[in-house]
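Please find the structures below.
Here come two complexes built around chain A, the first alongside chain B, the second alongside chain C.
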Partner chain A sequence: MRNLFAIIALLAMIAGFFKPAQAETEIDITQGNVDPLPIAVALFEGSRDLQASYGKTLLQVIRGDLIRSGLFRGLKNSIFAEQKISFNKSPKFGIWRGFGTDILIVGEMKNITKRRLGISFRVWDIQARRQLLGLQITADKSNIRRAGHLIADAVYQRLTGEDGYFDTRIVYVEEKGPKDLRKKRLMIMDQDGARKEYLTDDSHIIITPRFSPTLQEITYVSFVSKRARVHLYNIEKKTHEIIAEFDSISFAPRYAPNGSTLVFSLAKGGRTNIYTMNLLTRKIKQLTDENSINTAPSYSPDGKYIAFESDRGGKQQIYVMRANGSRVRRISFSAGFYGTPVWSPRGDLIAFTKQYKGRFLIGVMRPDGSGERILTSGFHNEGPTWSPNGRVVIFYRETPGSKGGPSIWSVDLTGYNERRVQTGTFASDPAWSPKLGKGLPIK
Partner chain B sequence: MNLLFKNFVLAFALIFVAACSGNPAQVGDAMMDDDVMMGEEMEMGDAMMSDEGAGYDVLANSTEGEDQWASIEIIAADSAESASEFMTSNGFDRGRFDTNSSELYWVTQNALKAQARFLEENPDYNIVIEGHADERGTDEFNLALGERRANTAREYLVAQGVDPLRVEVVSFGEERPVETCSDESCWSQNRRFVTTIKTDDDGDEAEGDEGDVFDF
Partner chain C sequence: MLLKEEFKEQVQDKLRGFFEKLSIGVRFSMVLHFFLVVLSIFAWPRLSEIELPEPESLAIMIISSTESPAAKPKQRDDVTAVGFIQAPPLLDDFEYERRNSDFNPGKIAALLDKMPDKNNQNVHLPKQQLTIRDIDAIKVQMRRCWTIPAGAVNAHKLIVKIKIFLDVDGNMITPPRVLTRARGRFFRIAVENALRALRRCQPFKMPPEKYEVWREMVLIFNPSEMLEGKKIEG
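Now for the complex of A and B:
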C-alpha cells in the first residue's frame, strides 16, 4: 500500500515536470483591481565596478518604475540573492516558480567606450517558461537612469501592449514659506523624482507650467509687476520670454498638439475669454467672446477640439468647442462645479476637477460628457494632467490649515494605485512631458 | 424717504452689478436679500458656504443708509506711503465678497465712494486694485474671479467719476491670502479686493521689475 502511494506520488512529480507550456503572461490594465504580478529584477552581470556604478542604479530604476506602476510587486532581493543567474542561459524555471516569481529580468553590462555602456537584458516569463523579450542597447554613462527607464518602458509595453510612460519628465511648482507669502519656483524632474533641477528662482509667483508636445519648451504663468503673464521657457537655451505685452492679465496657457500654437486666457473688464497665438507669427485670435469666465482650455490630441471651463451658464462647467471657436457644447451636467478639463493623449477621456458638497474630486469623462468616473476625492485636489500613454493621472492635493500645503499625487485611470510623488517640499501644478524618445524597438 | 433712497441705491447697484457679472437671475436674488449685505449665511447652489459673522470687522454693525465714511476728512497725502496709510487705517481700501461672487456689498460701495473722494483730492496718485479669491477653487478660475472682482470695484469708481486711466486692475487669484486657516472665517477675508497706491517700481514681492525683461 505504501509502495503504491509512493509510486503515484513519483508519477505525479514526473508529470509535473512535463506540464504543457502555459499561456504567456499578459496584463490587462483597463480593468480595476489588478493583482500585481510578482517580478524579480536581478542585478545585471558585469565587472564589480560596473555593477557598483551602474548595475545598482539600473536595478533601482527598473524595479522602482515597474512597482510604482501598480502592475507589479517586487520580491525581496534577499529571496533570490543566492541564486546563480547566468545571462546566456535560461533560468531554472521551477526554482523561480518556487520563489513565487512570474517575471524575471536579467541583464549584463559591458564597457564600450569611456562614455558608453553596452546593456543587454532579457525578460523571462516564468510561468510559460520562455523569453518574452531580449534587447541590446548602448547607453550614455552620464545618464544611466534614462537607460533604466527605457528598459522599464520596454517591459511594460511587452507585457501590457500599451506604450510605456517611464521615459518622461515632470515639471511642477515647488512651494516654500508661509501660506500667505509662498515662495514659488519652477522645478523639473524625472517622473520617478530623480534629477531635480530649478528652472527659475523664487522672486515671482509662478503657476501652471505645461510642456510643449515638441519638448523644446515649457509655458507657464508668472506674476511680474503684480500682473499675471504667460511666459515661454526654452529648455535648451534656458531663456524666458513673455508671449506678448497685454494690457490685461494672461494665464492658463497650453500648447496645441502641433506645438506652434498656444491657447490661453485673457481677463479684462471682468470678462475672461480664450485666445490662441501662433508662436511663429505671433498672431492672436480670439476664440470666445462672452460676458463670463472662460478659461483652462485644453486641446484634443488631434488638435480639432478644445475643452474649457466656463461659467456662462451660471456656474463653472466644462464645454467643448471646435479649435476655431465654433460649435460650443456643454458636456458636464451633474451637480457640482466642474473645472480644469484636460484631454487625455489617447483622446478617449477628459480629466477634470470637480467641487461638490465642499469636497474636491478628480474625475474623468468621455468627450461627450458621458461615463463620468471619480478617481479620488478629498479636502482639496486639483489640476489633473495625463501621462503620455493616457493611463496615469497626476494632480496636486492640498492639506487644510495654516500649516497645510500641496503635494503631488498620481492615480491610475482605474482609480487604483493612488500614490504620493515624492518631491521633498510642498509642490503643486504638475505637468507631464511627452515621452523623451521613441523608446526601444520591441515587436 | 429712507426707503426710497434705499430702493434707488439697490436698483442702481442691481443694474450696475448685473452688467458686470452677466448673470441677472443670480444677482437679483442676492441683491434683494438684506442679510446678504451683512455677510450672513447664503446658499450658493451646491456649494453651501456659511458666512457667519465673518463680515467686516469694523463695519458689521452698520445698517444700510449709513455711510461710515461720509463725514471723514479726506487728506491731501504728501507721499504714496501716507496715501496708502490713510486709506488702510480708515478701512476703505478694501471690500469683500461672497463665494463665487463679485457683487459689492452696501458697505463696499461706501468704501469705494470714499476712495473716489480720496482720488479727487489726490490727483497725483493712481491706484492698482488687486482682486483675490479664497483657496476653494481652481487656479485659473480664481485668477479670473479676482479680476472680475477688482474690475467691479473699478467700474464703481468710474461711475463715481474717477478717470479710468487712473485705475489699474490686477488679480492674484488665490495666491496671496491674508488669512491662512481653512474655514469660512478665513476664506471670507480672502475673498476681497484691495486698492493700493501705484508706485513706480510696482512689483509683487521682488525689488524693481522693469517691464518684461528679467533674468533668472
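Now for the complex of A and C:
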C-alpha cells in the first residue's frame, strides 16, 4: 500500500512538473548574421604515398572551393595538426567546439586499381554532435581535382540546401600584348583557375564565347576581313565549325535553354534587331523589327521569355518579351543607361550593367523590374554571367591607363565576397559552363 | 409541340416589346458591344501572332550542318558514387554528458526544489515579466550565434519555431523541440541553422531572479528581414 502511495506521489510530482504553461514566453528572432560558417577540412587518411599524390590535392581543392564561395571560413591547419583524427571514430566534439569549428570534414583514401582511387568522406556537425553526410566514391586518378570539386559540391549542398557550382568550367578571352594591338585567344579553365587550355590561336579577334546549356559545346564570334563569323566548338572532340558569316554582328549569340537555338542581334542600316537561328535547320527568324537598337538578348531558364536591351524609348533600357517576340514590356525605369541583361539560371533575377554618373555598375533586379540592387560599381565593369546555381556573378573590369587591361572578377548575388578570378594574364568576356555532371547524391 | 410554339411566340413578343421601349442610341450601343465581343472571341488569337516579314538576306553565308548535331556526352565516369556510409558510434564526451543529459534525475530534483511551494501560503511572489531590455539581451546574443548563408531563397517561408528548456545557468536541459514541421530541403537547413545557433549560444545570459519566466521559451527564427544583401549606392 505504501508503495502504491509513493508511486502516486511521484506521478503527481512529475505531473506538476509538466503543468501547462500559463503564458509561454515567445521571442521573435529576426536578426542573425551572414558570417561565413567555420569549417575544418582534415587531410584525408591513407598511405603516405596516397596522401602525397592525392590527399594534398583533394585538401587544397575542397578547402579552396568552400572558402572562395564566401559562405565558409577555414581554420589554420596548424591548429589541428596535432589532433588525432580517425575516420572510423567520431571526433572529440568538445575539443573541436573549443577551436570554434562548426563543421568538420574527414576522409580516407584506398587504392582500388592502378587507375581508380576509393575515397570516403564524412561531414560532422560539431554543435549537434552528429554526422550530416557520409559517402563512398571511386575516382579516376588522372583527374582527382574533379573528385575534389564534386565532394565540395556535396558539402555545399548539404549545408546550404543550394546546388553546388564547383564542378564547372569557365571560358574566357585571354588578352596579351599592348593595348592597341591585343592578341586574343579563347581559353577554358576549371572555375578555380586550374587546367587552363587554349581553344583557338590568336590569328583573329574573337569575342563573347558562350556555353551550350545541354552539350559540350561553345559558340563564339570571330572577325575575319571585317566580317563576323559564328563558330561552334565541340569541347570533347576539340573541333571547330563555322555556321554563319554576317556583314556585321552587334551582339554575339547566346543559347536558348533547349540548346538547339541561338539568339543574337544584327545591325543593318542604322537599326539593330534580334534574331534566332535554329542550329538543326540553320533557319533564321526575326524577333524584333524596330527603328532602334535592340540587342543583348538573354533567355529565361524556362525558355519562355527573352530579356534584351533597347533604346526604342530614347535611351538604353531593359525590356522583356515572349520568346516569339510578342508582348514586349520595359522593366528598367531608374536613372542611368541599362544594358546587357543576363537571366539567372535560377530564374529569379536578371543581372545587368548600368552606366550612371560616369560609373559602370553591375546589378540585379527581379524579372518584373522590382528590387534593383547594385553588386559592384567602378571605373569599368562589364559582361556579367551567372554560375549555374544562380548565386554568383562573374564579370570583367578594365583598369585605366595605357598599361591597364581587363581582368575577371566574381561577386555573390548579395553583393558580398567580391574577389578576383586568377587567370594569370589580362582576361575578358567570361562565360560559365553548366555543371559537368549530375553531382554526388546527398540523400 | 403547341406549347413550344406558344412559348416561342411569347418570348418573341416580350423581346419585341423590350426593344421598342429602348432609344435608338441604346439599341446601337448594344449591337456594337455584341460585335466587339464576337470579334474578341474569334479574332484575338490571330491578332497576337504578329507575323514578321522574312528577314532580308542579312547573312552572307549560312553553312548547312553537315555533321549530325553534337551528341549528348556519355555519362562521365571519372567519379562514381558507391554508397552512403553510416556514422560510427559517438565517443563519450564528458563535458557534453555533464551538461546536456537527456534524463538526469539529479537535474530534475534540483528543478523541483526551485519550484514555488504551493503549500506555503505566506509567500506570494509578484508575477515577473521579461522586460524589453531582457528580450533585447536575448536578441543580441542570438545575433552573434545565428548564422545563415547569405542570399538564401524564399526567406519568408523559412520561419522556424523552437521551444527551449533551460536550467538556471542558462544551459539547455533537454534537446530543443522544433515546433514547426519541416518541409523541403531549405526548411531542413533553416532548422539546422537555428538549432546550431541555440547550441552555440548556451549558456544564455539571463536574469536569474526571473528564472520562472524564461526557463521555457519559444524562439521564432524569421530570416526574411536579413536576406536582402549588401546595399551599394549606384
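Please note the rule applied: the second predicted complex is superposed on the first by the 402 of 443 C-alpha atoms of A that agree within 3 Å, B and C clash if a C-alpha of one lies under 4 Å from a C-alpha of the other, contacts with A are read in each partner's own complex, and residues count from 1 in each chain.
By definition in this document, contacts are C-beta pairs under 8 Å (C-beta built on N, C-alpha and C of every residue); 3 or more make two chains touch, one makes a residue touch a chain.
None of the values given here were measured: they were computed from a predicted structure.
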| item | value |
| --- | --- |
| Clash or fit, chain B versus chain C on superposed chain A | fit |
| Chain B versus chain C as contact partner of A:I242, first or second or both or neither | both |
| Partner chain(s) touched by A:L43 [first = chain B, second = chain C, both, neither] | neither |
| Chain B versus chain C as contact partner of A:G336, first or second or both or neither | both |
| Chain B versus chain C as contact partner of A:T295, first or second or both or neither | first |
| Contacts of A:D102 with chain B and chain C, given as first, second, both or neither | second |
| First, second, both or neither for A:L280, with chain B first and chain C second | second |
| Chain B versus chain C as contact partner of A:Y356, first or second or both or neither | both |
| First, second, both or neither for A:A194, with chain B first and chain C second | neither |
| Residue contacts on chain A - larger count, chain B or chain C | C |
| Which of chain B and chain C A:R122 touches, first, second, both or neither | second |
| Per-pair minimum CA distance [chain C against chain B, superposed on A] in Å | 9 |
| Touching both chain B and chain C, residues of chain A | 227, 241-242, 245, 268, 336, 356-357 |
| Of all residues in chain C, those that touch chain A in their complex | 48-50, 52-56, 58-65, 67, 69-73, 75-91, 93-96, 108, 111-112, 115, 130, 135, 138-139, 142-153, 163, 185-186, 188-189, 192, 195-197, 199-200, 213-214, 216-234 |
| Of chain B, residues touching chain A in the complex | 20-23, 25-26, 45-48, 100, 102, 128, 130, 135-141, 143-145, 147-148, 151-152, 155, 170-173, 175-182, 202-206, 209, 211-212, 214, 216 |
| Interface residues, chain A side, partner chain B - complex | 178-182, 199-201, 203-205, 207-208, 223-229, 240-242, 245, 248-249, 251-252, 265, 267-272, 290-293, 295-296, 309, 311-312, 314-316, 335-337, 339-340, 353, 355-358, 379-380, 382-383, 398, 400-402, 404, 429 |
| Chain C-touching residues of chain A, taken from the complex the two chains share | 13, 16-17, 21, 24-35, 37, 70-71, 88-94, 102, 118, 120, 122, 125, 127-140, 143, 146-147, 150, 159-162, 214-217, 227, 232, 234, 236-237, 241-247, 260, 266, 268, 275, 277, 279-280, 282, 284-287, 289, 324-326, 336, 346, 348, 354, 356-357, 359, 361, 363, 373-377, 391, 412-417, 436-437, 440-441, 443 |
